[in-house]
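Across the two complexes that follow, chain A remains constant while its partner is chain B and subsequently chain C.
Now for the complex of A and B:
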């Protein structure tokens, strides 16, 4: 082997090592920039609520918890959170119960055109979002006397979430064996009994997933309650939050910051819970 | 409003029979009638609050229906007048153009591009850096929209906003001078998490040995991406692009930040419909615009299905 070839090879190796090194550094720099980009807007939420003179900018807080007292002084802050709980809880309950029944029926009984139906509804629900149909939704709620009614908001949201919920749950149901149900049937259990005592316990992770997903969706939803509810006494936190910084001149940053934090906390906690328990990622759920 | 995880014709657990049939026909002895009974509550709500509004949009769009006044009591059918008015309207066409910018800039380039870049940079990492980056990206996705909207208003504030302090550009009113750029970057920040997670799952399907072989053969990163990675995750990319395009197209959150302003310079279609129909009271005209939006959504979905179909034929 000639010396020239040897040197060329070491040159190549050195160049490859340098390139590798540069790529590593580049990757770190990129990730740090990503981190900064995503963390920067969130910093205010971490500092302002605890600052005794909160500003619109970010500063090291002079620590205080007094700001949280403004929540009690505002007539709508805490009630709006209660309203949010009602809307989210009511919608999640309806979505889980109705979707479980429908998914079970679709999974266990052959309905002609079932897959086409599900696919069509799923597509419809991602196309017909509140935005494109806000006019008829408003009109419909008006005719059904559901304007300024919590039930109206819950029903509209449930209708929008159901197709995807049925779809998720049907996957869970399809994956569970039917032998338990068959033996229960041999012993004379009725379909509803089988549903309650066998199917529900087996697919509980699926029900929990759909429930959490529905709560998270409703908790942050602004448009539907904004359209359908009048006046601040029934408005959920999403709408009150918006009115806090758009109405009435100078925004009260003490109230705004503490309210933002309190309102964000439940979804953040839910996220921590879900990710520690199940891992917050797609497990090949979306395949080619 | 709705987040979809996967399409019905896909196997999720991998253990399902290929025919797509139920595991066993009617194990619980449900019977057609009871099965139908189980379906009724869901179907009633879906028909009433999803299918009916979609159909109603078509009807309302050909009337001169208004929220108040004479036409509120006796709406008249005006045929395609609303559509011709809309298509001839400068404000509508501008809004359509802004929406396209919004979708292309924040979904296709912003969310999909950045989401893929993050997933690719994190692909073989475990440990704290990955967890921290993922946590912040996900946090910006799950927080309520009216909270993140205010966080961005604070960030971009003219006087004391963090961005101006950081860039030493005091007095720059980002939301007034660059409203579209602001909401495009905002929406990139807001929605990248979905693409990141989807691509992270997709990249696990790319065998590491293939990348290794390509690297040893001297392929650059760009070549590896083009020849090894992209062909394998094309289905994921299409699914992702469809979903984020639809969501972004219909997104109402920019209303919370700029409310379409200043002077309608960030008035995307979702905001435009709201202003015309519910603030302005022109329900018929608003419904016509809504229907046009539905059509555009449908076109996006069809283009995607077509591309997916072509991909399957080739495979």
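Now for the complex of A and C:
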């Protein structure tokens, strides 16, 4: 009797274990599918540039560096990356400096209708660099003699990114107690010293975040440089990518994959560098 | 070290709020001075106006023999410790303490030495390389004090120095603060809303309400002889009993009982004048039996406060909400529902007319300031 009961019990346990196992396998299969969905394009990016005949699919590459050699022969490929660095760097610098000053002022000075102003700007900014204002933007740049000038692109992109940057940074500034600054003031620090010694170091993670965000935004922006820059010698990588795509009427997968890899590397490296150097973290003060 | 003199000091905010109303105050050299009052009474504004973080709308501020009314905070030679201590989170303790010297362009080596020696005085030597985030509340407060001390100011200003600490640490910090102030002998002004803190720490207290000073005096004076019913209700861990009374010659009718008019008010009350009779719960003696000159009522609440209990009695009268509280030592507590008698101790009851103390004496004399270490006596 007890032997039968024991067997029944072990059967039950075995069945439960099997069910548990199946559930686990199912879960992992699902996770793998999701992962594959996101990983395959990245995997393609890792293999295709080194394949002598890349296709849309993924296969073990027949290893070659010829693609890179061909790309270097393209007169605009490398310069376009340098152009991208200029545009992204310049815009990020302007955005960080102006957004920091504006956010600090908006956080510390009572301006009537401040919040409405911020929300209004945020709403409009998505239009400014968007498709909707293509024509007036071009017209404006033309009147200001900023067609085919990097400065023009930088200014337009800065204008588009500033509201969101101010919005993000204002949160960081608001979270910084005014007593830090007042304390420094009582010790005799000038406004510039307060900015340099206290405010900038305290909101540094916020500045880093906004800087990285601005660079990534400009790096991926196609429309504004395409619109405002005439010749391919000033065009950034995002625009040159488009020319590779249409050369000869169809996608040149060898050049395209190789260029895509070079195009994505700087931004990825920047993320790693910034997060290790500045860290997207905050040195907590005291508990509130 | 310097005295602080405020004359007709007024601060009106742009939104029309009058935070300080023509305020006169003298704080003596080396004194430990408390600004006490409920929130919104202007005490913090007053401290910030002395610091220069707020500019006065009218009147003058003098520190020592310098008029500083319109000077920026950095030129007033004051140091302020903020309620949240305002330690810079990205600097080490050493850099925090040395920061005032960095502003004064003291060389790196010299200011690090000074920071180390100041930290040593406050028992912070082991913490010099830590960040503020790694310190306890008490340690943060000491660092803030060290930073204030490092620049040898004429005046220390402390904003709610103990309010960010938990209850046990608060007692420790209170003793520490009082001792430190005594040793340094620097004129120190602090703001608090906690009357116990003010009584325990200060040499003198200014009790504020609505941008005005209601009374200035030593802790003993403001506790024993509040100048008005506001101070009477604010000072003391249990507020003073204030009972409506009517004068009849040399006697007062209080809740159906005749009590003698206190000596200082004798001859100053008109017949049948309505006044307020005030006596602290600590200055009443409870008796379970009838006693001469005692108020009587029914015990309604007994609150155990450790070594003593606070007993509330409802007094008979037209207005049946009139009650008194009395402090009863342990072991002698009555039960709710008992009838009890309370006898005011002689010389401890006060009469208020229209909220102001009725007394023959002029305003209590300002005590001579304590001479601190280093002050020329």
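Quick note on the criterion: the second predicted complex is superposed on the first by the 209 of 288 C-alpha atoms of A that agree within 3 Å, B and C clash if a C-alpha of one lies under 4 Å from a C-alpha of the other, contacts with A are read in each partner's own complex, and residues count from 1 in each chain.
One rule holds in what follows: a residue touches a chain if its C-beta (ideal position, glycine included) is under 8 Å from a C-beta of that chain, and two chains touch if they have at least 3 such contacts.
Quantities reported herein were computed from a predicted structural model and do not represent experimental measurements.
The larger set of touched chain A residues comes from B, when the choice is between chain B and chain C. Once the two complexes are overlaid on the shared chain, A:11 sits clear of chain B and of chain C alike. By the document's definition of touching, both partners, chain B and chain C, reach A:177. In the superposition on chain A, A:35 makes contact with chain B only, not with chain C. When the two structures are aligned on the shared chain, A:158 is found in touch with chain B, with no touch to chain C.
Contacts of A:233 after superposition: neither chain B nor chain C is touched. Within the superposed three-chain model, A:185 lies in touch with chain B and with chain C [touch as defined at top].
When the two structures are aligned on the shared chain, A:220 is found in touch with chain B, with no touch to chain C. Touch criterion not met for A:66: it reaches neither chain B nor chain C. In the superposition on chain A, A:52 contacts neither chain B nor chain C.
The intersection of chain A residues touching chain B with those touching chain C, taken from the two complexes, comprises 177, 179, 182, 184-185, 283-288. Considering their complex, residues 51-53, 72-75, 78-80, 82-90, 99-100, 102-104, 131-133, 137, 140, 151, 164 of chain C touch chain A.
On the side of chain A, the complex with chain B involves touching residues 23, 27, 30-31, 34-35, 37-45, 55-58, 94, 97-99, 101-102, 104-111, 115, 118-119, 121-140, 155-164, 166-168, 171, 174-179, 181-182, 184-185, 191, 194-195, 199, 213, 216-217, 219-224, 227, 237-239, 241-242, 245, 256, 260, 263-264, 267-268, 271, 275, 280-288.
Looking at the complex, you find that chain B touches chain A at residues 1-16, 20-32, 34-36, 38-39, 41-43, 45-46, 48-54, 56-57, 60, 114, 117-118, 121-122, 129, 132-133, 136-140, 142-155, 157, 159-163, 165-166, 189, 192, 197-198, 200-202, 204-205, 221, 234-236, 239, 243, 246-247, 250-253, 256, 270, 273-274, 277-278, 283, 286-287, 290, 293-294, 297-298, 301. Listed in rising order, the residues of chain A touching chain C in the complex are 177, 179-180, 182-189, 193, 197-198, 201-202, 204, 283-288.
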